[in-house]
Every structure is written in C-alpha cells, then in structure tokens.
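Two complexes come next, and they have one chain in common, subunit A, joined by subunit B in the first and subunit C in the second.
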Partner chain A sequence: MKMSKFFAWLAIAVGVTYFFVPLLGTFEFSLRMRRGEYSLDAYGSVFSDIQFQQTFGFSILMALFTIAFGMLLVVPTAYWVRLRLPQMRPFVEFVTLMPLVIPAIVIVFGYLRLYNSSSYIPFTGSVLGTNILLVMSYITLSLPYMYRSVDTAMRTIDVRTLTEAAEILGAKWPTILFKCIFPNVMSGVLSGAFITFAIVIGEFTMAALLNRPAFGPYLQLVGANKAYEPSALAIIAFAITWLSMGLIQLVSRFGKLTQSRP
Partner chain B sequence: MPFLALANIKKSFGQTQVVHDFNMSIEKGEFISFLGPSGCGKTTVLRMIAGFEPPSAGTIHIDGKDQTRLKPNQRNIGMVFQAYALFPNMTVFDNVAFGLKVAGQPKAEIEKRVKEMLKLIHLEHLADRYPYQMSGGQQQRVALARALAPKPQVLLLDEPLSALDAKIRVSLREEIRMIQRQLGITTVFVTHDQEEALSISDRIVVMNAGRADQIGSPSDIYNRPATRFVASFVGTLNIIEATVIDPANGSVMIGDQSVTLRESIADKSGGEKLSLALRPEAGSLAESAKGDTALTGKVVSANFLGSVVRTRINVGGNIISFDMFNSPDLVMPAPDEIVTLRFSAGDLLIIRD
Partner chain C sequence: MSTASPLIDRRTIIDWLGIAPFMIFALMFLIVPTLYLVTGAFFTPDGKLTLQNIADLFTPTIMSAYWISIKVSLASSIGGALIGFALAWAIVLGGLPSWIRNGLLTFSGVASNFAGVPLAFAFIATLGRTGLVTVFLRDWFGFNLYSTGFNLLSFFGLTITYMFFQIPLMVLILTPALDGLKKEWREASEILGASTWQYWRMVGLPILWPSLLGTSLLLFANAFGAIATAYALTGASLNIVPILLYAQIRGDVLHNPNLGYALALGMIVITGLSNILYIWLRMRAERWQK
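Then we have the complex of A and B:
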C-alpha cells in the first residue's frame, strides 16, 4: 500500500518536473532582457509592439466569430441528433473527430484547392472571403471539442422530456431551442467556447497558409528574429490557455451545481 | 357526445403493434386512469392524445374537434411528466408562466394567473426558487401548476408520482384529485400502481398487451374483474381452479370439496374447468363468521402485516390467501393446522380468460 503510494507520488513528481521545468526556464529567460537583473522588459516590448496588438486583436476577432458560428452549427446538430436522429450519432461523432486525424495542412490545402480565386466559390479572391474561409477552417479544427462539450452538457439534461414539456405548452422550435435547451447547455457551450478560443489564438498553419495576420504566424515571426520576446510570448500564450481551462472548470462546476435533482 | 373520444386507435412501431383497436369515451370533468404493467401501451395511448406519437390508425377528438393530426403545440393540452421536466434555467414563477408567455398573454394577466396557480399548489413563497433548490414533491406540484396555467382542455398525467417517496405520493395524489375536482378539468392519469388508480379515479381502464381489458369504476374493477388479467393485476385476488359438477344448480368441485356458486353456470358442461376469484378480505376462520360456504384446508403460512394477518391455506392444491384484521386476542393459525375458511358464495366470481 505504502509502496504503491510512493510510486504514485514519484510519477506525479516526474510529470510535474517534466512539465514545469521548461516552463520555469522559459519564464526565467523571459525576465533576463535587462543585463544583470530580472525585469519585465520583454513583456513591455511585446505589449508595445503594434504588430502584437494587431495580430492578437485579429485572432481574438476570428475566435469570437468561430465560437458564434461554430455554436450555431453545433448546438442544433447535437440537439437534433440526440432528439430525433440517435441512429446518426456514430456518423456525426466520426465526422466531428475527422479534424483530429487529418493534419491541418491537408485541410488547408484542400480549402485552397476548392476555394481559390479561380474556383466556383472564390473565397480567397478577397480579404473578406479569406477571413470567412479562415473562420470556417477554425470551426473545422475546433469541431471535435465543441461537439463533445455541447453533447456532454446535453447528456446531463433530459432533452426529450424538456422539449416535449415546452411543446405541449405551445412552444415552437426556436423558442424550445433558445429558451429551454440552449440556456441549460450553457456550461458545455462555454467550455467549448473557451477551448476554441485557446485553439484559435495559437493556431499557425491555417492562418499562415491563408496569409492572414493572425497571432500564430506573429509568434513564429518573433521567434525567428528576436531573443527574449518569444519566451515572453510563450508565457502569455500559456497564460491565455490556462485562463481558458480555468474558466472551463468553473463553468462546468457551476453547471453541475444547478442540475435538477430528483 | 363525449368530451374526449378515442376511436379505433392503433399504434405500431415497425412490425410490433403496441396498441390494438383502442376505444374510449371520456366525459367532461372525468378523472380516468390507465392502469397496467410496464409495456402494456398505456403511456403510448397518452402520448397519442398529447400528439407526441401519431396513431397508425383511428381518430382522437377533443370537444368534437378532430385532433388526430395536430401537433402537440396546437392541442391545448396540459401534461405532467414522470421526471417533472421543469426548465432548470427558470425560476418557479417563470416555469409556471412559460405557457402563458408563449401564448402571448399580457404581462399583468400572466402575473395574476401564475400567482393564482402557485396559491393553488400552496407554493407562493417559493416563486423565486429554481428547480434544483426544491424537493421532488415540490417540483412535481410546480409541474402541475405549469400544466394548468394556460387553462388546457385536457390534463394528462404520465406516472407523475412514480419518482416520489411513499408518503409524498399519497399526499400529492390527494392534492391532484382535489385540484382536478376544483377546476373540473378532464384528466387522464397513467399509472402502474393499482392503489393510486383505485383511490383517485372516476373510472379505470385496465390495459393489457395494448388492449383495454376492462373499463369501469374502481369498485367494478376491484369487485367484478372481467378477466383473469384484471383479477390478478388489481388487488391480491385468489384464483381458484374448479371443475363443474352440476351446471343446473351451480355446483363445482374445488379439490375434493363441493361448493355451490351463486352465479349461473348453466352454459357450462359437467367436467369443464372453471377459474374462480376470491378476495382475500372475503373469508374468515371464525366459526361465528357469516357465510354460506366453507372450504377446509391446511395452513401454509401466517404472516403478521401490521393491521392485518395474511394467512395462506392449501385447498386441494389451490393456495388461498385471506386477511384477518389484527386484534390483541387474535390467535395466529399455526403452519399445518387444519382450518375452515368461511365466506359467502356470492364472493366467488367466475373469471374469463
């Protein structure tokens, strides 16, 4: 018993060391910009860089569009599959898992082939079109996480009975979906939103190959040309991801607290 | 003309027919219970009345209007579900107001009606609570208020008490019946609990394998079961196998003992097998007991159940249970003791299969 506890703690210690030592090293290095003393100069340099502000703002905007349109696609789909087409569940799950097994570079080359400026739907022929294509590709990338978080939240409520209860009270589909179902899967929607946000903020392949000024390509650019700023940016990116994860924990705990009890 | 009429209703799921030619006429203000075991089709009939399942054949009329193909949100029906189905994101007030808001009623009227409904279920003080902050019994009362708020023509109750504990079930079923009488609303109640059905219904439909085996008042169902299934499902009726001896004077043999029935068996022939039903409360062991009929048998067991003692005796291979009221001077029969059970011949009912 004691031995197994020792090995459990040892495994945890190895894991924590493996994870935190590089992070601590990066953080420590990001503070060394001023010779001979620790400072936040690297962070100051990053935040004052106009390119940082522009690319970060652009990525935030793309993330918000991705979340909004992604949820408009995912919530009704998950709802419909759960309510009316349960036999379609394996197929939908398979489709939503595809982005995990198909590399982003393959997806983006597919997009470029399908939607280039000489195709029938020339998304890449304009800036707006390319941005729309970028949002669509981000939705594809975040589909596995969005669908799963919404579907898990739907599992915690009795979708069928709530729908029937609303229906017998005279409600039509939009009212049922937006007043009775959507608010009750909000914890899943928010979890999906935060994870999507974290993915979009750091995404490189899609943005670089579609030639959009996003935060991912900026990270790469800074990493190739500067010394201390990339470390500061890595810590900032980690902080954003952790904040998103923390918020996911918070909303899922809140969701559990408000479950109806028998 | 009946207020709610179900005519020749059939329902199949794929190749399986779950409701066979179901007919039912319900008068305005009546409280009807669909009683039967799981899978007998009672909930399916209820869901067809609600509009959640389209019938494979037949028609549903409410107040003379054909509702068969209408969607649930076009029918003006209230429904209470087994799992409460309160909207977790809404307060009690908003849950009860939901149907009224959907109907586009003015705010002042909604507020007045919701308060009226919450008063009816004695939960005015919990208007701001969320469902997760309430007990199961309270949630189900809110569900009832929500169903009644838009003044539906018919109220459907789908096993609303099943998820509650025994004490709350009894008090809530009485409350439901009181509210139903007060509002005079036509109500269909689905349950598998015979005590529930017997205690609150005007009429009971006993369902078996997608068919209505018997439709009648609680007293009819309990005292005059039409089929073996009804007899065995409602109460703890004894089914006794007998052989016809003389159809003209109604005598039959139970084991090696002769009994004369009050019910006519003139249509039977000598030697024909017959199933008879006897209520456990109809018999007594006391020598002074009233009754023109007696059966002698060996005691199998005697169990003390609080208010009654249930004794099982073996009469010619038939195990007959009967109940005696508990009293301080009651002597419990001992196993293997030979006893004589006395009852009225009128208590022996002939059961059809």
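Then we have the complex of A and C:
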C-alpha cells in the first residue's frame, strides 16, 4: 500500500514537472526583454502593437459569429433529432464527430478547391465571402464540442413534455425553441460556446490558408520575427484558454444547482 | 384509411425538413469538400481516371514525410498514453488527496486545449537554444544540451512538444475508465490470493486495454493531423505530411494538383483507420462500464 502511494506521488511529481517547467520557462522568458532585469516590457510591446489589436479583435468577432451561428444550427438540430427523428441520432452524431477524423487542413483544402473564385459558389472571391467561409470552417471545427455539450444538456430535460406543454398553451415554433428549449439547455450552450471560443481564438490553419488577418497567423508571424513577444503572447493565450475552461466549470456547476431545484 | 396517408407523408416531410439546415451545412462544408479531394485523387488534371497519383505517393520525399509523421504521432501517442495512464492511475487509485485529483483534471482540460502556435512558443522558451532549461543546465551543471545532438526542431523535439496536449487528453479519457474498475474485483482477487501484479495482469489490464489502446489511437490521429504547432516550431524545415500539404496548397510544390489530393486522401485514410479502430475498441470497453 505504501509502495503504491509512493509511485502515485512520483507520477504526479513527473507530471507537474513536465507541465509547469514549460509554463515557467515561457513566463520567465517573457520577462527578459530588458537587459539585466525582469520587466513587463514584452507585454507592453504586445499590447501596444496595432496589429495585435486588429487581429485579436478580428478573431474575437469571428469567434462570436461562430458561436451565434453554430448554436443556431446545433440547438434546433439536436432538439429536432431528440423529438422527431430519434432514428437519425447515430447518423447525426457520426457527422458531428467527423471533424475530429478529417484533419482541418484537409477540410480547408477542399474549400479552396470547391469555392474558389471561378466556381459556382465563389466564397473566396470576395472578402465578405471568405469571412463567411472562415466562420463556416470554425463551426465545422467546433461541431463535435458544441453538439456534444448541447446534447448532454438536452438529455437532462424532457424535451417532449416541454414541447407538448408549450403547444397546449398555444406557443408557435419560434417561441418553443427560443423561450423553452434554449433557456433550458443554456448551461450546455454556454460551455459549448466557451470551448468554441478557446478553439477559434488562436486557430491557425484555416485562417492562414484562407488568408484572413486573424490572431493565429499573427502569432506565427511574431514567432518568426521577434524574440520576447512570442513568450508574452503564449502566456496571454494560455490565460485565455484557462479563462474559457474556468467559465465552463463555473457554468456546469451553476447548471447543476439550477437542476436540483424542485 | 386512404385519406390518412397523405397526412402522414406531410408530417414525415416536416420531420425531415427539421434537420435539413444541418444536412445542407454538413454536405457543403464537410462532406462534399472532402469527397471532392478524395475523388480528385483518382483523376489526372485533365479529367482522366488514373491510379498514378496514388502510386506517386510512394516516392521517397512523400514516403519520408508520411514516415516522419507516423513516427512523431506514434511516439507522442505512446508516450502520452503511458504518462497519462500513470497520472490517471495516481489520482484514481493512488490514495492521493482529492484536491490533487480536481486540480489535475481541471489543468488537463486547459492543457488539452492549449495547442497550436502558442504551445510552440512555450517550448522554444523552455528548450530552445536560449530557453530556461537549456540555460539552467549550462550555467549550473555545465551541461550543453545542444551538444548532445538534441534539437527542438526535430523528431524528438516535436514529440516532447506534442505530449503537452496528448497527456492531458489521455488523463481526461482514462480517469472515468479507471473509476469504472470495481472495488469488488480487486477484493475478490485478493481473497483468492492474487498479488497486485496478478490482479493487474489478469483483471485490471484486460478490462482496461480497449480504453488504453483506443485512446492511444485517438491521440495518434490527433497528432497526425496537427500542423500549427509544428509549423510555428520548425517553419517548413521539418518534412511532415501536414506541412508538406500546407506547402502544396500554398504553392503546388509537388507540381501536380491532383497529387495534392492524393496526399490529403492518405491523411484521411490514416486518421480514419485509427478512428474506426478507436470506435470499435470503445464499444468493447463499454461492455465493462455498465
């Protein structure tokens, strides 16, 4: 018994070392910009860079569009499949998991060939079209996470009874969807939204190949040209990921609290 | 009775219309683009059916790209699986205080999503030529890491970097599986006189191996398709499949667009196979989790 406890602590020690040394190294490196002393100069340099502000703003905007349109696609679909087409569930679930199987770079390669400016649907022919295509690619990437979190939340409510009750009270479809279903799966919607945000904000492949001025390609550019700023950016990116995951935990805890109410 | 059937039909139509937006989306942005590449791999640029593109994959440059990719993915998934298993075992069965379990699981959620370009930066700042660990070893122990032939921009460096998101993923998936090992099984084997080693060899691991192997396959596919970290770490200098494909999309470096499709097809086949095996093993694993 003592032996196993020793090995358990050993495993944790190895894990903690492996995970914390790079974070520590990055943080320490990000403070080294001023010669001979630690300073926050690298962070100052990052935040005052106009390109940082622009690309970060652009990626936030793309993330918000991805979340809004993704949820408008995923929630009604998950609802409808549970209510009317339970026989289609395995198929829909399979489709939502496909983005985990097909690498992002392959998907965007397909877009570039299929929707180029000389095709029937020339998405990449204009800036607006390319932005739309970027949002669609992000929805595709986050589909597995969004669908699963919404579907899990929907499992805990009785979709059929809610719908029938609303119908008896004379509610139309939009009312049922937006006033009954959405609020009841809010915890799933929010945790799906935060994980989508974490994925989209620093995404590189799609944005780089679609030539959009997003945060991911900017990160890569800074990494190739500067010394200390990349570390500062890595710390910022880690903080954003941490924040998103923290919010998911908060939301799911809150969701459990509201469910346990009689 | 005959008047009822059109009504049922209308209802069926409405039922199917309900998931039409999803179907259209999936077709437009997932299925058709992929099929376009897959079919393109079997045609020449002027539209004739051919197997030449597939045959051309077996040229030395492309083969070596696949080989390095497979090696990196294999090494990082096996390494990730072993360390991840050790960590999951420690928090579930190691008798550690519960705050360690909660802390590790939360951290794993974050770290498994911390990939891409920033991850490359973190490892450059740590194990690069002026990184924290490199400098520390040099100044305190007089040990020059880079004189041993180590290079972060190599197979080994990429493997170590990938493990940063592989290990947490393993911990997240394996912890529930280890939770599912019933105490009664352990007690029963102990009463029958089994040693710890015998318990693991004859009870624990046979139950866990589908989860273990399945998750390793998931990690393999995960690493195989990743590009951002590798690209930010090594630029275009490391010849792995995603980077080759990236260069091909950017500027037709293979001088044959349809060979690019074949390259993509190869990636889909490899990640697809490992995922199918994963799903199959997952179904086997779930037998014991009822």
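As a convention for this text, the second predicted complex is superposed on the first by the 257 of 262 C-alpha atoms of A that agree within 3 Å, B and C clash if a C-alpha of one lies under 4 Å from a C-alpha of the other, contacts with A are read in each partner's own complex, and residues count from 1 in each chain.
By our rule, a contact is a pair of C-beta atoms (placed from the backbone, for glycine too) under 8 Å apart; a residue touches a chain by one contact, two chains touch by 3 or more.
Everything quoted here is computed from the prediction, not taken from an experiment.
*Asks:* Consider subunit A as the common anchor and indicate whether subunit B and subunit C clash or fit when overlaid.
*Replies:* Aligned through their shared chain, the two binders fit side by side on subunit A.
*Asks:* Using the touch definition from the top, say if A:Q87 reaches subunit B (first), subunit C (second), both or neither.
*Replies:* neither
*Asks:* Touch test for A:N225: subunit B only (first), subunit C only (second), both, or neither?
*Replies:* neither
*Asks:* Touch check for A:C180: first (subunit B), second (subunit C), both, or neither?
*Replies:* A:C180: touches subunit B, not subunit C.
*Asks:* Who does A:G170 touch here: subunit B (first), subunit C (second), both, or neither?
*Replies:* first
*Asks:* In the overlay, answer first, second, both or neither for which of subunit B and subunit C A:I107 touches.
*Replies:* The second partner, subunit C, only.
*Asks:* Looking only at contacts as defined up top, I'd like to know whether subunit B or subunit C touches more of subunit A.
*Replies:* C
*Asks:* Taking the C-alpha centre of subunit A as the vertex, compute the angle to the C-alpha centres of subunit B and subunit C, in steps of 10 degrees.
*Replies:* Reported to the nearest 10, the angle reads 100 degrees.
*Asks:* Can A:G25 be said to touch subunit B (first), subunit C (second), both, or neither?
*Replies:* second
*Asks:* Which value, in Å, gives the least CA distance between subunit B and subunit C in the superposed three-chain arrangement?
*Replies:* Subunit B and subunit C, overlaid via chain A, are at closest 8 Å apart by C-alpha.
*Asks:* Share the list of subunit A residues that count as touching for subunit B in one structure and for subunit C in the other.
*Replies:* Dual-contact residues (subunit A): none.
*Asks:* Along subunit A, where are the residues that touch subunit C in the complex?
*Replies:* For subunit A paired with subunit C, touching residues are 1, 4-5, 7-9, 11-12, 14-15, 18-19, 21-26, 28-30, 73-74, 76-77, 80-81, 84-85, 88, 92, 95, 98-114, 136-137, 139-140, 143, 195, 198-199, 202-205, 209, 216, 219-220, 223-224, 230-231, 233-234, 237-238, 241-242, 244-245, 248-249.
*Asks:* Would you mind writing out the residues of subunit C in touch with subunit A in their complex?
*Replies:* 15-16, 18-19, 21-22, 25-26, 28-34, 36-37, 40, 83, 86-87, 89-91, 93-96, 100, 104, 106-107, 109-111, 113-114, 116-127, 131-133, 163-164, 167, 196, 221, 224-228, 231-232, 235, 242, 245-246, 249-250, 260, 264, 267-268, 271-272, 275
*Asks:* Help me check something: in the complex, which residues belonging to subunit A touch subunit B?
*Replies:* 157-158, 161-162, 164-172, 175, 179-180, 183-184, 186, 257-262
*Asks:* Under the definition above, what is the set of subunit B residues touching subunit A in their complex?
*Replies:* 50-52, 71-73, 75-79, 81, 83-89, 98-99, 102-103, 130-132, 136, 139, 143, 146-147, 150, 163
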